[in-house]
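Both complexes below contain chain A, partnered by chain B and then by chain C.
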Partner chain A sequence: MADAEEDTFPRGGPSGEEPDLTDETQDFRFLAAISREDASIPKRGEKDFEPHATTLQSNTLAASRQAMHNALSFQRVHTPKNHSLATYHPETNMAYAYTPRGPLFARMGAVLSATEDPLGNDELRGKRLWLLPEEVLYLMDRGTIDVRWPPAGEGGEGEGEGLVMSLQGAYAMFMGDEGRVGGALTFERYAVYSNLKRAGYTVHRAPSWDSDDGERGSECYATIPGMTRAWHVGLFNYYTSWWNIWGTDDKVTDTERAEGPLVRNKLYRSYPEIYRRLALIPYHDPTAQFGPKDPESATDPAFRITYHVWKPGSTTYKKSAPGPPDFRVAVVNARDSAVPTLEQIGALLETTPYKPPPDNMQIYQKLKHGYKNVILAIVDQGVVSYLRIADAAFGREKSFERTSHGRGGKRGGRGGRGGRGRGR
Partner chain B sequence: MRLDTKIAWHSTGTFVHFSTTHEKIVLQAPTCDIESRLERQDQSLRALPDLDMATTTSPPSVSEPLPIFKLAQKYLLYDADTVAYLRREHNICGVLIGGLAQAPQQNVFSGLPLELLPEEARLLVEKRVAYVEDDTINHRRTFLEGGLGPEERRAYQAALRKQGVAAAGEQTRRSDRRKEVALKQKSENGNWNDLPEDMLKPSPGRSERQEASINTDVRPHDKQDDEALFDSTPSPVLRKAHGSRVSTSAEVAPYAVTPTTSYPPLQSSMSPSESVHVDVPDAPQSYPIFRYLHDQGYFLAPGLRFGCQYMAYPGDPLRFHSHFLVNGLDWDEEFDLLDLVSGGRLGTGVKKGFLLGGLEEVSAGNRGQGAAKSGDETARGVRSFCIEWGGM
Partner chain C sequence: MSILPVANSPAPTPNGTPAGGTPEKPVRPKKKGRSFAQIHAKPLPVDIHPLPAFHPTNPISLLRIAYTWISHILYQPTSHPGEPYIGYFSPETRSVHVTDPKHVRALWEMGFFGKGTLSRSEPSWLEREKARIMTEMRGHGGRKAAEDATNARREERRLFKLERARAERERTERQRLVERGELQPDESGGVEDIVVEPESKAEGEDSFVSDEQEVIESQPLLEANHVEPKRVDEVLEIEDFPEPQVDNQEHLQLTLEEAFFLSYGLGVLTILPPRATDSPPMSPKSLPKDYSNNDVLQLFCQHSSFPPSPTPSIAPDDQFLLNYVVYHHFRSLGWVVRPGMKFGCDYILYNRGPVFSHAEFAVMIVPAYSHRYWNSPGGRGQRRVAEQKDWWWLHCVNRVQSQVKKTLVLCYVEVPSPFEVNLEQGIGQTLACYRKQFPNFYG
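After this line comes the complex of A and B, so read on.
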């Protein structure tokens, strides 16, 4: 079930069976095990409770620290065979590379059009791949590209490619100088980007990256019952009006609501009839929202969709036309913002597409799935936690009607669930 | 669970009783207990670094004060030696935010750079272990605004080239060795038929290249640099320019190297002697409890994903589980009783103590024994309370 997979994102969450190894500092002595081909992940719980000043313990700690130091001292080298050069472009705080090699570039970078290319429309434009700051940093971090500072103006002899940029230099410019060019890349955003990329996801900036350019098109709302349903609606109205005439309506009239009784004396043949009369509290119904509630509602800058994310094995993704993303991620800085208010979350969810759960889903899964969802990536000083927030409609899942609905599958013969979900 | 019936708080004692409709719970707030515990931890921790030095093959030496690089309101370190040094000598872990180039598709182990919490940066600056450098300005000045003379540029390139040659040589040696081992295994299996005769010798092209690299390495004027061959960072000695190098080692085809740090060619803008006046980084309100616990020998890490501000570890988190979930508060700050309940429950659920603490107002000067010995303003008068569910 594709939807069940969605629920497990990210891997090893708190509800998952497997512990999330990224939760805690792992012993670097096991790094060798992870980078070998028959990779095995270190087990948890091999730590001690407290220092007891034994030689064994301090030796183990020293070995771990040494392993960590060795791992951190790794030098990034580029063999002549797969040497990809890129040049820093200070005016835009991006970098460009000429036809870089490697499978990673199938999902990163962009060749810009003649009007957009900062270097103008010269004969090399078609080969020039522009890399965004987070892309450069990530590629550099994994040792894929060799970034150079722009060559010195007077053309120093023998350095046509410019000086080598160190990782520190890359952070200093691509992160530290973002403010100067008005960019919106922050450490929190980069932490999420690199975290997802390392896990294999395809990540792109969302349209609302640096402005309130949220997509609030028709896909964000439930579809209004269209022409094909008109007949149904008409008949339904006709039907209910007949029931009204005979006075056997289920609904509670206004006078009853004001003066009672809610359940008047009469013959009831099932409990749901009674429960339905008792259901007085209004609830939020995502299936009945066909347009923006408040046309001027704007998302809070602290809670905006930052990235569009595709699963590692996504078959529909193409760099030229990525298609709808599998996940939408909003990056939140834990130190600058508090738990979002209903308003902030509401505005944020408003910008996500309407994705109702399939009808034949179990009630609890349905509640978990929700009608709209967004993933919050909360970053506390470089430590990322992912939360999925969904717009669940508790009011629609009436537990007293559960038995009458059954577990679905009965109507499965009629076109499958993909075609039906939206039309309701 | 509703806490609707009587709640009795014995302010003089250390017990808090909750009577609920379903169960009886006792909250304990042993104020003195924690301190003695911390002290014990502290003593055992003091012993660690010495033992460490003995077993580590080459403890990296770092001279204080060391630079912390500030950019976009974050405090970063790029040097593996500095990271190891701070961990060993000052109980500062930070958070590794980069990836490991040798294992790029995983999130279990992270690499440089290391991000320091503002609290950690402030603590190091206050202790005069470190000072803060604005990294963006430094890099702009040096690389974009022509702060580097042609001599220095050449020297930088030569140093990198040399590392590249070393890396290439090392790589060739390693692949030759691997080949040899593989072939030996094969020959021991008795499967000689599909082996050409000259396979066991290193390929001629490679040996030539190796010789070339050896030749360049033993040139007389290079002897002083040999130490730096396998270092991850070019040593400052390399900054002495050798104009002739570029042409002599051209036949070796060095690998391109991306260094981790920019020092050199960058030079510290501050000589150690003038580091008297430095900017002290801003830290959040919870800084006093952070500093207090750190002074007691604890390692602290950001704790949001565990539901608190900091995790307190009794030793290096590489080796130990954390003991406390820490939240810092102002002395007169009001908070919900429910926070106390949920925090205590959370802590007990993960077998950790839920620790609250803050800076006591100055007027209450009757509290001497809990104060840190460092005599620093912020750590004095911090009191901490540990909440556990009593099993009654």
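After this line comes the complex of A and C, so read on.
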């Protein structure tokens, strides 16, 4: 039963075409369709704005209410086939299970190494799967595991099963204890975790879960251009300067900068020439950042990457070697923080890998792709909204160079050549 | 809108075509032939003089290049218009007004600067007004402006909604009757194919009906009356009504950033002090002393807050300075930057211009006080934008942008300390202290 619910979820990204159900008054009759065997993705009903005293309408409303009631009062049971037992471990605030069954465990939990396992390196270590608080809560919520309190007796291990941990008990134990091992599982983090898991993603804690992992590897920065590139640039400059004998591309003088106009009244061969004279404002160029801007800079605790997320159909993902994640999600509490300042967002983006857009991409896509990106999951009282933030280098995309090509007769003779080297 | 000085006399049109003369249409057809790409070929109100392209297969092209090059040396063509465009600063509206129709056309066509005061963006009021009067006179009008298309679409949508509401009402009424047993359920099958009834149309008609609709409505009438061949001549005769004489009551309104860019960046606009309203338009000879770019910057900064600050001192995070830095930067990259007021953001970026494609990006300016000064106790109190925006603000902005299919760009402008901002070192040197970063958001 439990798996059916997962199948009905649309397999789209968080920003995909998933209908936004919060938009309108919901017709909960679709819930009745889900709990049947031949479940399919429900269709949304039509909006009804006001009562118009027909029995049809009141019947529809009653059916909808009944369906919601049925869905909420549905008794969640452990199916005997998939019944897995886990035991709570108070010292680490985790739970462990011995070879639990079910497809979910292919992407959850971890068998710890001999030195890390809190129960030591006994003969069962290889079978013992340790579950983090959010994993336990999620699995309990969907009825996959049955967590027991540790047995009371001294040598209790394996002798008898402890008392059943209730769902309330689990929330009380696992949620929001700052001092516990492995950092706090706040409600916001759990909301995002369960939301992503239900949508089918594979979610793991990021290294910066509870601390600022000071390391920003070389993958976070642009690579220093090699020899070929430098040679190319040199040649390019040589050509441009040579062409400038023909053109009239001279520098803007200090007086012009101080008093204006930047574009003097004279003969110009092309518009890029004019645009280059207008360039004045310095901008942040992610391709020119080869190392940390400020070695001391640390991420703000409110803006740190919380989860690494892999797509549901990821073929490269392996539990033992997950590989680079598809998304990096930072969970943000909307009530405790504001729209990030430049320092906050800059430090956060600095911890993400450098992923430049492909050269042949269209300009709009290129700008939206950005050079670095992170997904913010902003949680406001349990409502999660995902925002993708990318470092768009507008300053690098010279719109005028590109348009000067498509413009037919208006193309400048000499200056246009300068633009061609940069690629469209 | 209805009281307008309209000269309906059969006087000759400005082009000299006598009324009722031969069907010789002077300007219109030529204008119609120009595509947007031709009208807006120049991205800035500055001319360029390219050399002709060289084709290796065609040696004569070399001669052409030489000829053009030599003629350019001899005649020295210039980039700027002979007379600079004139704009009058208007402190009340905090904008710069361009009143000369030629200047208005030039600034709109080359770079999409400004907005017509009586139009949505392109100053098209005169054209629309003439078309409206022509429509009244002979039943169908001339050129359609963008506003007409929008109005027609809105009208259509409104009628559709009325119709939908009516159908809904009818359906519930029928349902009620069925439930009361006054109607057989199978009769309700006819509900779906309701056609628009004349009453609902009359109900929907108000003072404003788009001209397209009138054309459509009048056509079946003509056909029903069995149009005889003579009719064609009559139509032609009607076509020769003189163009109505309408005083142009519209002028172009430049935002302060646009005006400063045209003046400081391109040097094609002269900004003059506000004109006394009742004095006759001044001839170029007796122009008042215009502002220098430095004065203009001071003036605009003073007027960027309300009420205008009386002192000429400029704060580093002055709203005008921040806006201008962003405006200038995007303009210098080749974007067409237009105010984003309608979309709840600071600027929207067009690739070539509003007539070619929709804007893809919406820019929101966020001052970044990352300089040490602003984080010192003294500097903190000096910040103009004291508080960070909350997430609800961002969600609101982003919601609107995704609804209009734009990507939100948060443009962080690093505000320099007051010690760096000193206009005496020059405008460009000052503006170069501002640094920008753009993360873009979308959810």
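One rule holds in what follows: the second predicted complex is superposed on the first by the 288 of 424 C-alpha atoms of A that agree within 3 Å, B and C clash if a C-alpha of one lies under 4 Å from a C-alpha of the other, contacts with A are read in each partner's own complex, and residues count from 1 in each chain.
Throughout what follows, a contact is a pair of C-beta atoms (placed from the backbone, for glycine too) under 8 Å apart; a residue touches a chain by one contact, two chains touch by 3 or more.
Model, not experiment: these values are computed from the prediction.
J.: Examine A:343 and indicate which partner it touches, taking first as chain B and second as chain C; both and neither are also allowed.
T.: The answer is second: A:343 touches chain C but not chain B.
J.: Figure out whether A:378 sits in contact with chain B (first) or chain C (second), or with both, or with neither.
T.: both
J.: Could you tell me if A:397 is touching chain B, chain C, both of them or neither one (first, second, both, neither)?
T.: A:397 sits against chain C, while chain B stays out of touch.
J.: So, does A:388 touch the first partner chain B, the second partner chain C, both, or neither?
T.: Only chain C is touched by A:388; chain B is not.
J.: Give one of first, second, both or neither to describe whether A:284 is in contact with chain B, with chain C, with both, or with none.
T.: In the superposition, A:284 contacts chain C only.
J.: In the superposed arrangement, does A:334 touch chain B (first), chain C (second), both or neither?
T.: Touch partners of A:334: chain B and chain C.
J.: In the overlay, answer first, second, both or neither for which of chain B and chain C A:62 touches.
T.: first
J.: So, does A:81 touch the first partner chain B, the second partner chain C, both, or neither?
T.: Neither chain B nor chain C is touched by A:81.
J.: For chain A, which residues lie in the overlap of the chain B contacts and the chain C contacts?
T.: 52-53, 55, 334, 378, 380, 385.
J.: Can you check the complex and tell me which residues of chain A touch chain B?
T.: Spelled out, the residues of chain A in touch with chain B are 21-28, 31, 34-35, 41-42, 47-53, 55, 57-66, 68-69, 71-80, 83, 90, 138, 140-143, 146-147, 149-150, 152-153, 156, 158-159, 163-169, 171-173, 175-179, 186-187, 191, 194-195, 198-200, 334-335, 378, 380-383, 385.
J.: Given the complex with chain A, which residues does chain C contribute to the contact?
T.: Residues of chain C touching chain A: 37, 41-44, 46-53, 72, 76-80, 172, 175-176, 179, 263-268, 292-294, 325, 328-335, 351-352, 360-361, 366, 368-370, 387-395, 398, 407, 409-410, 412, 414, 425-429, 431-432, 434-443.
J.: Which residues of chain B touch chain A in the complex?
T.: So the residues of chain B touching chain A come out as 41, 44-45, 47-48, 51-52, 55-57, 60, 69, 71-72, 74, 76, 78, 80-81, 83-84, 87-88, 93, 95-109, 111-113, 115, 117, 135-136, 138-140, 143-144, 146, 148, 150, 153, 156-157, 160, 163-164, 167-168, 171, 232, 246, 253, 255-263, 284, 301-305, 314-321, 323.
J.: Using the touch definition from the top, list the residues of chain A that touch chain C in their complex.
T.: Against chain C, the touching part of chain A is residues 15, 52-56, 246, 252, 254, 256-271, 273-275, 278-284, 332, 334, 337-343, 345-346, 349, 363-364, 367-368, 370, 378, 380, 385-395, 397-403, 407-414.
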